[in-house]
Structures are given as structure tokens and as C-alpha cells.
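Below, chain A partners chain B and then partners chain C, in two separate complexes.
Take a look at the complex of A and B:
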């Protein structure tokens, strides 16, 4: 099992469908881990990258912030192990996506979404202060991110990614997340930054 | 420690290998790499082909995290011969002890000497205490510094709580230090948060009985804990050639682990402790200077011990990580001829950070104090009964991305010990991934096995040879301490290739050439006539450990895993090994080249893991182990079968049959042969209840 789940499967996209099938089958083969086909098994970074894309897709920004491209910024080191890069090849609501790696707080100017590396939690207050009043969707995976005024926190519950959404913080930034996502997430009202 | 050491020494910076964000210096390196190594760049891709951007949010939210991914990904990416035995592998092997669970690992030779003893080695040089293998349990070394080696009867835990066993073939001294010569075995248990709730298991069969309980709950301060207890009783094995081997064994153990903080959080703290004992009877030969020249006593042997370990890990800004680990380990062992009490204090700190997106550095420092106390007998005396030793060491390891697909890892351990002074153990590894489906790696490394007390401090009466031919008096063969005995040295050259043939078929090939020097040799010294009047007149023939043997070992290990259907996994492992030694002739030394015949040339393991339904496991394992000419052990086949049924959530029944092909066979030997017995056919049933 260890070796098999380590099978680094082929890279071609054409094999994606097969791999989805395989992933669910592999999952079914491990005892005590649930029913067959119930869910996909994926690398944590991939799930999180996919979630970021869906946050872009299902969030409405105020018209004033519209730009030709949607800017996704990673604050601090990139923890996605290469899973995020392919997002730049996609579009969201017919706009291209640009990826930026940002280390300094002022450089987040112009970002639509900022993912805060958990290792940068000490700098979050500084970043939050800078982003206050701007329509920037903030996402991180450090614990208690929403309590500290962040908008979307990616935690883990059992073997699933648990998403917490802070409605007050979204509202004060003028952002609206669509119902389809909110149904799946845990909605909390933790207050703004 | 949680960081690179548990991961076969090489941890990848998340940013390394990711295109973009690289400076000019990297492109210079890239060019150098392209010229020197023809590492052709190719686009980076993640490890699994599912496109997360094409999935509906409902699917993504429901997706489960592959918990073993980090390990497995590391395994795939590691420029070393690594094999991971997962929790599931252990359960489905039917093994009831850690060494038994290692039988399926390529390059590892596991031989059961008797009910309570195993000889386990990697890439040859097996022995009851194989001295070229380092074993760690959750970061605590269990290598014995009196005899060099591992007493497997006291290395145990609840198998359900083991996350994985990492086996690294080849030297690991650059990171782990001395004695990680031919390999490293890391037993890694799950965090306490992953073992919450209760577990009760009972196992009963014709050869053994095991009972275990565990309970995990919430610890104050947002943490989790678990406590466990386990009792093992093993029946007598068969004596060589038939009859009762009289080697029954019982052992008990209790322990705990507590964890605070979680992966991704800033701080993590882990505390764990163990207490255990092991009891069995054994035969002890006592040399006599008058006929019949030897007597055999039967006596109880006891071992006991306890340990307490703490580890603190902090994730720092910029992806850096620091960790500090400390432990205290107490062991006691009564070997009849002597008693050994040992107390170790070990403190280890590690820091890792990315110096640049293409360069990750790990540095570490360790301090260890060993306090060892020996109690002798008429047959055992010591140069120093009590001895305290200090070990200080530091290491660095730098991983450099030469290109997107090519990595160079350089490192060295620098160690000072009280036996041989300074030891330098450097290593270089290179890894090339021409596409996600292929990994090629190579390495050159140096490692040493440092002396232990048996060579430097101990005098033992080994045997009496009765008068023969024109020698009119008995000869007393005695082991004498020799403080000139120096470290054994290895320079290892390795090559490896991993191939993902298809999503369901994987190959892993490793080849090695080990060049040994200064190997331990039992050298004869000039005999002396003793005629003092107290004992009958006799010749004393001293034997001392010297470094007069050299040689080579080479071999190949091949793993092939195929998953034709989701419910069926077929895996195979084949290992070939040959050792050629050159030591002094028999009038100068005792069997200097005997290690050539103490490890099998060929080993094969074929496994099938089948789930006809989700609630049922049907598993089979067939192994072949080649003959050991040095011990008169014949090659043998071994068949193990297992069936398990999960009746409902939390309740599992299983039936296991082991060694089904013969009534008993011998797998190894020990110096006197008196305590070697045959492994018998065994059948057991097991119930596991989780609540």
C-alpha cells in the first residue's frame, strides 16, 4: 500500500480521468477508510490549490476592483509544491489568472486573493492592517486564522479539509461568496480584522 | 527527528524544483548541470494526475487527504534505497514482532534464532547482534553500546499505533552518525491525535499469545494522549533436529505518547515514554579446566528498561524549521555471564531552512552521555566495570537544485567519541528525474562502525579445548580487551532507478558496491602456559579484536509492485548479495572471512493482498531465503496466509498461518549453538476491537 499510494502516476492530462478512477479505487482498497467511490484521495496541496480556484470562481468582487486579470498571491514561501502553478493556465469567469509570490506586505497591492503561508502567521496582523478596507480575499491554513480576522481558513478534520468562512470579514471587504460554497463550508462570524 | 532524518535524509524544499522565482545564480547552476550531468529540464508536475481545477467544489470538499503522501512522495524523491513498511503492510503481514514485519523488505535478512531472539541485518554481516545496522524508534536509538547491535526482544510497541517503518539500505551516517553503516531502520509511531479512543486486541495460537490495550484521549492544553500496555508470550520452539527447544519467552510493556500542536501549526510538542521487561530461559556453557572441560547450566535471563523522550518542533518564518529532542534511556540485561546496566542521555537539535529557492540546508548538533555498568562473574572480568562516555557530533546537509529535475545533496557528519576520537562521515548524492515517471539516483558515502565495550573493556572465558595430539594440557580460549581496536570503515557506492511503468505498475531497483576496510577480526595472540598451582596446568590462548580484514560486498535489490485491480496488490522483492573478504589465515585469526557465509546470496518475497469484499482481506506471502553455509542452515521456503474479516466498524477477526510449508526449520545460529532452535509452523487467531 505504501508503495502503491506512492506511485507517481503519469503527468499527461489525458490520463487524469483514469487517475481519478484509480484514486477512488485505491481508496476503496484500504480497510476501514470508507466506502468505495465515496471520495477522491488527493494530496493535501492539490486539494487546497483546487479550493483556491473555487474561491476565485465563486466569489464576487466589487466592480471597482475589476482588472484584466485575476491576481492570486502567495505570501511567504510557496507551500503548494508545484500544485498551484497549473492554475495560471486557466481562466476564471473569462479572465486570465496571474500568480505572484510576495514576501513584503506592500507588494500585495493589486492582489485579488492572498494565500498566507502558515509560517507567516506572525506577520498576519501587519498584513491584515494593510489589507483592511481593500477587497482582497484572504486565505490561510494556520489554525485560528478566521479568529484573527482572516476570511477563509483551511483546516483539517479527520482526513478531509475543513473550510471555515468568516462572513463578517468578507462583508467588510465588500466580497460575496456564493451559496454553493457556503453550503459546503463552516460559516462563522468571527468579526473583522 | 520529525524533519529530514525520518525521511531518509533528504527533504525537499517546497519551492525547489518549482519553476519561476529563481535568481540568476540558479541559471548558472542550471547550465553547469546541463553540461556536466545532462540533466535535461522538464516541466514540473505534482505527484498525482488529478487536475484539481477541473473538479466541482462538492468533490473537492469531500476529497480525503492522502495521509501517507508526504512519506510516499519523499520515498519517490529520495536518492537512496528506501523501503516503507506501512501500517497496513504490517497488519497484513501477520507479523507479531517488529523483526518479523521486516521480512518483506528487500535487502534485509531476518532470521529467528530462537523464540526471543532475531538476527536482522541489511546487506549482509548478519549476527545475533548485527553491528552495522542502526535502529531508531521515534528518534531514539536502540543500538546497544556494550555488544554493538540490537536486542529485538525489547523493541516493541502496539502495531496498530505504528505509522510506518522506514528501512534505508546503505549508509546513513551523514545524518545519523556512526553505526549507520549498512542501513538504518526507523520505526515511527502515529501521533496521539491519530490514535484516539480505545483498542483491545487478543491473539492466541499454538505458538504464542498476545494481549494489548490502548486508550487515547484529549490532553490538557489542546493536546492528545494515548496509553498502552502489551503482553507477549511465546511457546518453546523446536530443538534443532527435533525435541523441545526450551526457549519460551514472555515480555510485557506499557507506555504513553502525548502530542500538542498540529502539522501546519507553529509549535509541536511530543512526549513519550516506555517501560518493559523480557524474560526467557537459556543454556549457558561454562568452560572447565578439568574433564569434561565444559558444563551447561540453565538459567533465567531478564531484560528490563524504560525511556522518556520529548521533542519540540517549531516552524519559523520563511519555511525554516527548528527542533530539539532529548531523551533518557535506561536498560538492564542479565546475560548470565555478566549483567549490564546502561543509562543514556541524548540531546539533539536540528535546524533547516531554505537558503534560496534552489538550496535547502539542514544542520544539527548532538550531545550524548552513556553511563555503562557491568557486573561480572568468574568467566567475565572488565578493564573498567563502570564507564561514562561522551559523544558530541554535528552535521550539515545541503540540497541543491542543479536544474528543475536534478538535485545534488552534500553533507557530512563530524563526530567525536571516547573510543576512536574524531570520525568524519561524508556523503554525496545525486538525483535526476527525467520526467515524473523516472527517478535515477546515485551516491557515494563513508560510514564507520565504532568500537563498543566488548572489544575495548571485556575479558571473557570463551571455551576450553581438551588436550589433543601432542598438547598435553587443556587450552583455555579467552577474549581479551584491546583498546587498539579501531572503527570498521565502509565506503559505499550506490545506484538506483525507479520507474512508474503505468499507474498500476512500479519498479524500484538499487545496486550497490560496498568497500570495507579495518573489519573486526578475532586475532590469536601468543599462548602462555599457566601452572600456578590453583588451577590445573593449562595453556591460555588469548583472542583480541583487531582490524585486519578487508573486503567487498555487492548486490542488487529489485522491487516490483502491481495493482491490477483496486482490490488486489501483488508485490515482489528480490535481493542478491555477495561478500568477498580477505582476512588473516586460520593460524593467525579465527574465521576472519566467515561473514561471507552468514548472509544469504538470494532472497525472494512474493506477496498478494486481496480484498474480495471491502470487509475481507485474503493475504498470502511466499518467501525464499538462501542457505547460510557458515551455519549449516539450508535454504528454505516460507508460506504465510492471512484472512481477516471486519464484522462491523471497529471489530475485526483474523486467522493467520505462518511457516506453513514445514514442521520446523532453522534460520540462524549463535556462537555456542546451545540456544539456537527451529522456527515452527504456527497458526493463530486474533480479535481487534476499536471503540
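Take a look at the complex of A and C:
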């Protein structure tokens, strides 16, 4: 019953490593252990942050923009309160992810994905104009983002997250998303930016 | 060729044949090993595929488990109904995957896999029966469901996953020793299976909590933490295996992707579900379908990782198989080359060495038997050692033919000479025999004349008649000597073992008066050997030589030494063996007469007593007797220093020591 009793060979090594892994796991959970869990709101932000990974995974950028790393940019203040930070240590489609916090529009140059803080809604047209013709996946959680020419909107439907995808905007930026991603979302036809 | 012993030709042929056989056996053994390895690799490839099928089946079962678990905990019929098509699809897939995997395992495994396979099949039947119950429960309102069904389902399907694991372990064990890298791949896949299993459990429990909008109980939280700990450990072990064992860069990258995606998925829910004290009252911000979908998407990374590992395994096994095939081809080529080389060597030795040598030997044998035939083999194109040997033999053969012609000629001459000598002997015999009769008449008549006319004849006539009588008497002695000489040439020798010491003693007794008269003595410094010879003739030889030694001696004390030497250098420097000698301290003989003394009726000087004795045939007889015994005679002497007469018997190289040297 190797499966239930532990992790197969090498077993002697496994026991020690298991202890290390559990210790690290508990350590990772320790910041929250002082208070009684998180709010569901925080969970929502974390799910949104996590979904960015799925977007990166199922989006295909044109070859010309293919770099060794995938750059994720947060435009404006960080709405995820640092929960996006671990992303910088991970890889997607065998490429490392880099994380940038951007406040100026021109600094979005070189980003593969730009998450627009809802607070920056007013500067979106300026940003959209700058990004026009560039293969940059735009994501935001302010309402009517896709209507304003954004590509993926992390909206709200009832109590739950609702993902909207603007196929026209994606197409005009030369981006392709895989069918798998669309299973999470519903497609809106809002036209380009 | 002597019977019972192999000729060089056959020995060489056998040696080359054995060598060829040895090479063939050695290479064939290597080829067989490569062949076995190739068969192992093929079996390994097939087993690896069967093991991957089991992996797929386990994943499908885990996915089905999660969906069904969510359905059984769905708060309303609507949610359950939405999830049902997904469950059916998933059940169909897991059924198909499990059937294929167990069939593949059964075809690869031996008897030892029969029990775990049977167990898995029995469990699959239980799971199928539960599916029908779940399907019915999905249509019923929540309160109408059997609360234990979900637990039973979770337990049974997890046990089925475990059964597939047991089958997989059985398969893996059989190939643990075949290839170390392959073993490593198997171990890595095992780690992946464990990771997939615990991720699946986490996914199912989180899905249930989401679908129920329920907070996890402390027990559920600790369960989630435990499972997650195993997942983390799995990633760690997997990464260690990849880093330390060089499983391949594609696996490392896929592992990092899968780990990243699952860490991201875990980050989404851990704050609320994995921490003690979190008790959300409101519904979760995502529905269960959304959760199952993002969990599926993360699982895809795991599939990709598994695919990368499978690809790596296939590539490795293909490499090994290709290597084994290359080895077989290389062995085959080496084997072929070795055989060709052996064949070529065989042919070269047989045709260019042994064949010509045999031809030469046969020709030489024929030539030695006096039959016609050339030792030189037929015209050859190779200017090699054998060709040179043939040329040399050819030259020798020409020389031998020349020698043979010369020898033939010499033989003919010798025969003619022999015939001539015999005729001469016969002539001498006839002539002397026929001369004797008239001589006797002349002698008798002269005597009668002298006796009858005594007183009538004057002194001068008496003197002349006396002279005629003397001359006829002398003539008779000469004729007698000639007769004796011719008899020596014609009569057979009566050979017998003879003690020469006795011969010398006998001569000494015979010559006793002469020795005393001439103040002479005979010395024999060392005992003489016994030889096979004609004793009276050899006695004559010694007597003649000793008599001459006394006769031609001017010393007051005459010493005659008779001896034998096993080896002696002749006066001309040639070595001679088994030499008898008679040495004196007499007047000696000048070198120019060393040959002359043996000629018939030849006297060099008067004896030292002034009397004319004999007819001068003694040494001629001696020479004849020695030669009739197959020996030679010669004299070594300087005037005034005595003479040594040496002779051999039966040729120089014959053994005269046939008797004990006394």
C-alpha cells in the first residue's frame, strides 16, 4: 500500500523530506494562523490573481513577441496585496514569469499581460491607445472593461466571479486563446478598443 | 605421412578451423546478448506503455471521483443535473482506460500479476455498481440521498486507484534490473502518480466544500493539509530525481510548469480552506463547475509532465533498442569479416603455401626414388617466399641431377675399372699359371743337363747353367707371387672375430729367431681391439709390416711399435678414424716414395743386411688385403726418422670397436 503509506521509493529519504515539506507548508500558512482565516473577499482576489496564470497558459502570443520570459504587469496599485508575488518564481509553458508594477503608460512596453487596477479606470483609454496594435493581453476587474475595448474582464455575477472574454479585441491584438480557457468564461462581442 | 601423426597441412587446417569456430562462438555470444537486450528493450517498451495506460486509468478514475463526489454533495438537483453529463463522460473514459490498462498489464505480466489484476477487476465491478446508485442519487433531492454513499464511493474508487497501483508495481518490479535509467523513469512516474492521486483527493474534497458552500471541519482541514503535504513532498522528490539523475531537460521544464500551476491553484483556496478558524458564511466566489474546470486545467499541466516523461522514456528505450540493433549489426559485420578473413587465410595457406610445398615434397620424394618429376610447382604468379623456395629447390634439383649424372658416370667407370682389375687378376693368374709349366721344364732340363754332364762341361758352362737355374727359380718365385696376388684379388675373405693381440703374439713367436738375431723388439703400448676380419690375411699384413720395420732398420736397438688410435690426423691433414699403425725407428722413406712403396715388385733399397730378400711384393699384398677389408693404407715418414705405416679396416667411418677393446 505504497500510495497511502507515503511516497514510494526512495522511502528512507522520503521520511526526512516529508518532515521538511510539512514544516515548510506550516511555515507558509503561519501568517494567517494568527487571525481566524481570511475573508471571502480576499479569496476572490486570490482567485483572480490565480486566474492570470490560466490566461497566460492558454493564450498564444505571435512569434515576434515571444521572449524568454513572460512579463506580467500590474498597472497602478497592486490590488492583490502581494499575492501575485509568488508568480515571479513560477513558469508557464516552460517560460519563466516576471512581474512588474507599472504606473506610467509607456512602461507597459514589453509586457505580455497587463492587469489594470480598477482604480486606474480613467487612464484606461490612454493605456488602450498605447497598447493598440501591440500583442498585449489586457485584463481588469472594473465593470464594462470589455465594452471599453479590454480583452478579459473579471466581473461579478451574483456572488461569483464571472470571466468575460472579448474575442474581437484579442483578434485585433493578434492574440489567440485556446478553447480550454473559454470554458471558464463567456464570450462577449464588444468590438476592439 | 606416418600413421597416427597429423601432417603440418592438416594441423594448420585444423588450427584455422578451430580459430574460426572460436571467433564465431565469441561473436555469436555477443550477438546473442545484444539480441536478448533488444528483446528486453522491446518488452520494456511494451511494459512501459502498459504502465502508462495504468497511469491514465488512475487519472481518469481520480477525475471521476471528484465529479461524483461533488454531485453527491450538491445542494440542489439543478447543480447535480448540470454535473451529470460530465460524470457520464468521465465514467466512460475511466472505464475504457481501465479496461485497456488491465488488458495491457495482463499481456505483459506473468502469473504474478494475475491476482492484483483480478482484484482490480472485481473492484471495478463494485465501482460500476456504485455508479448506477450515484446516478439515481443525482436525480434525487439532497435529503433523499444516502449520506453514506459518498463515503462508500470515495473509499471504493480510491481503493480501485490503489489496485491499479499494485498492478503497476508488479509490472515495474520485473524490469527494475534491466536498465538503470529506465528504473529511474519508473520511479519518477511513481512519484507523479502519488502526486496526481493526492491532488485528485484535494480536488474532490475542495469541490465538495464548494458545492456545499460549507466550511471544512477541523478533520477535513487536517486531511487537506496532510494530502497537500504529500503533494509537496512529491514535487520535491520529483525535482530531486530530475536534478540529480538527469532525466532530461524537457521533463524538468514540464515539472516546473506543473508545479507552478498547482501552486497557483492552491494559492487560490488555501487562505480560506486550509487554515484553521476560517468559517466563511457566504457562498464561495466560484461555483463547483468553475472549480472543477480550473482544477482540470491545472491537472493538464500534470498530464503534460507525464507526457514529457513518457516521451523521454520512449526516446530512451528507442535509443537502447537502436543501440542494441547497432550492436547486432556491428557484431554481424565483425563476424562476417572474421569469417571472410578466416576463409581467406585458409585459402592462402592451402593454395599458396601447403599446396606448393606438398607438390615440391612429392616431386622431391619421386626424385629421390629415381622417378621423373620436377620439384618446382607449376608456374606461379606470386613472387613470395614459396616462389623463392621453389626456385632454390629447382636450382638444387638441377645440381642434384648434375651430381647424379656424375655419380652414374663414376659408377660406370668404377665398374669398368673393377672389371678391368678382375680381368687383370684373371690374366695374371692364367699367365702365371701357364708360365709355371714351361718354367718348371726350363729349370728341370737345366738341372738334368748339369747333373748328366758333370765333368764334361767347362766351368763357364757350369756357371751359366747355374745362372739359368737360379733365374728360373727366381722367375718361379715371381710367378708364385703374382699368382698369390691375383688370388688375393679374387678370393672371398673368410671374416671372423679376431683378437689382434693374439695375432701380434703369434707373429712375435714366429719371428722370435729374427728378432733375437736383429736385436729387435715389438711393443704394443695399449691393447688392440678385436675386429671382424680375415685373420690369416690380417696376420700377414702385420707380419709384413713388422718384418719390413726390422729389415729396413739401421739402429742397433730396433723397436717396432704396434698400436691403435681411434682418431689420427693423416700426413696430408685429413682426419682418419680407427687407425692401426706399425711404427719403427728405422731408416725412413722419403716423401716422394710414399706411394711407390706399395707398387708391385718395387723395392727401394736393399735391406740393412745387404742380402736381397724377397721379390718386393710384401707391401703390395698388404695394400691389397687392407683394401679388400674396405680400408686404406698410407705411410708417414721422413728419411732418418723411422716410418709409420697406418691402415684402417672396413672404411674410416665403420665401427671397428664391435668387440670390447681388450
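The rule is simple: the second predicted complex is superposed on the first by the 151 of 193 C-alpha atoms of A that agree within 3 Å, B and C clash if a C-alpha of one lies under 4 Å from a C-alpha of the other, contacts with A are read in each partner's own complex, and residues count from 1 in each chain.
The criterion applied here is as follows: contacts are C-beta pairs under 8 Å (C-beta built on N, C-alpha and C of every residue); 3 or more make two chains touch, one makes a residue touch a chain.
For clarity, every value in this text was computed on a predicted model and none was experimentally measured.
> Of the two partner chains, chain B (first) and chain C (second), which one does A:43 touch, if any: first, second, both, or neither?
The answer is both, since A:43 touches chain B and chain C.
> Taking the superposition as given, does A:117 touch the first partner, chain B, the second, chain C, both, or neither?
first
> Let me test your reading of the model: by the given contact rule, A:83 touches which partner, first (chain B), second (chain C), both or neither?
In the superposition, A:83 touches chain B and chain C alike.
> Tell me which partner A:180 touches in the superposition: chain B (first), chain C (second), both or neither.
It touches chain B and chain C both.
> Of chain B and chain C, which one contacts the greater number of residues in chain A?
Chain A has more residues touched by B than by the other partner.
> Which partner does A:142 reach: the first (chain B), the second (chain C), both, or neither?
first
> Quick one: classify A:125 as touching chain B (first), chain C (second), both or neither.
neither
> Now for A:93: first (chain B), second (chain C), both, or neither, which partner does it touch?
second
> Once the complexes are superposed, what residues of chain A are shared between the chain B interface and the chain C interface?
Residues 1-4, 6-10, 13, 18, 20, 22, 25, 29, 32-33, 35-36, 38-40, 42-44, 46-47, 49-51, 53-54, 58, 83, 86-87, 90, 159-161, 180, 184, which sit in both footprints.
> Taking the complex as given, what residues does chain A use to touch chain B?
Those residues of chain A that touch chain B are 1-13, 15-16, 18-20, 22-23, 25-36, 38-47, 49-51, 53-54, 58, 76-83, 85-87, 90, 101, 117-123, 141-143, 156, 159-161, 163, 180-181, 184-185.
> Along chain C, where are the residues that touch chain A in the complex?
Contact set of chain C toward chain A: 161-162, 165, 169, 187, 190-191, 193-194, 197, 225, 228-230, 232-234, 236-237, 240, 253-254, 256-257, 259-261, 263-265, 267-272, 274-280, 282-287, 290, 293-294, 297, 300-301.
> Using the touch definition up top, name the residues of chain B that touch chain A in the complex.
Those in contact with chain A are residues 14-15, 17-21, 43-55, 57-69, 71-73, 75-76, 84-86, 88-89, 164, 262, 264-266, 315-320, 354, 435-437, 500, 502-504, 506, 508, 559, 561, 563, 565-567, 569, 571, 609, 611, 614, 617, 644, 646, 649.
> What residues of chain A sit close enough to touch chain C in their complex?
Residues 1-4, 6-10, 13-14, 17-18, 20-22, 24-25, 29, 32-33, 35-40, 42-44, 46-47, 49-51, 53-54, 57-58, 83, 86-87, 90-94, 97, 159-161, 180, 183-184 of chain A touch chain C in their complex.
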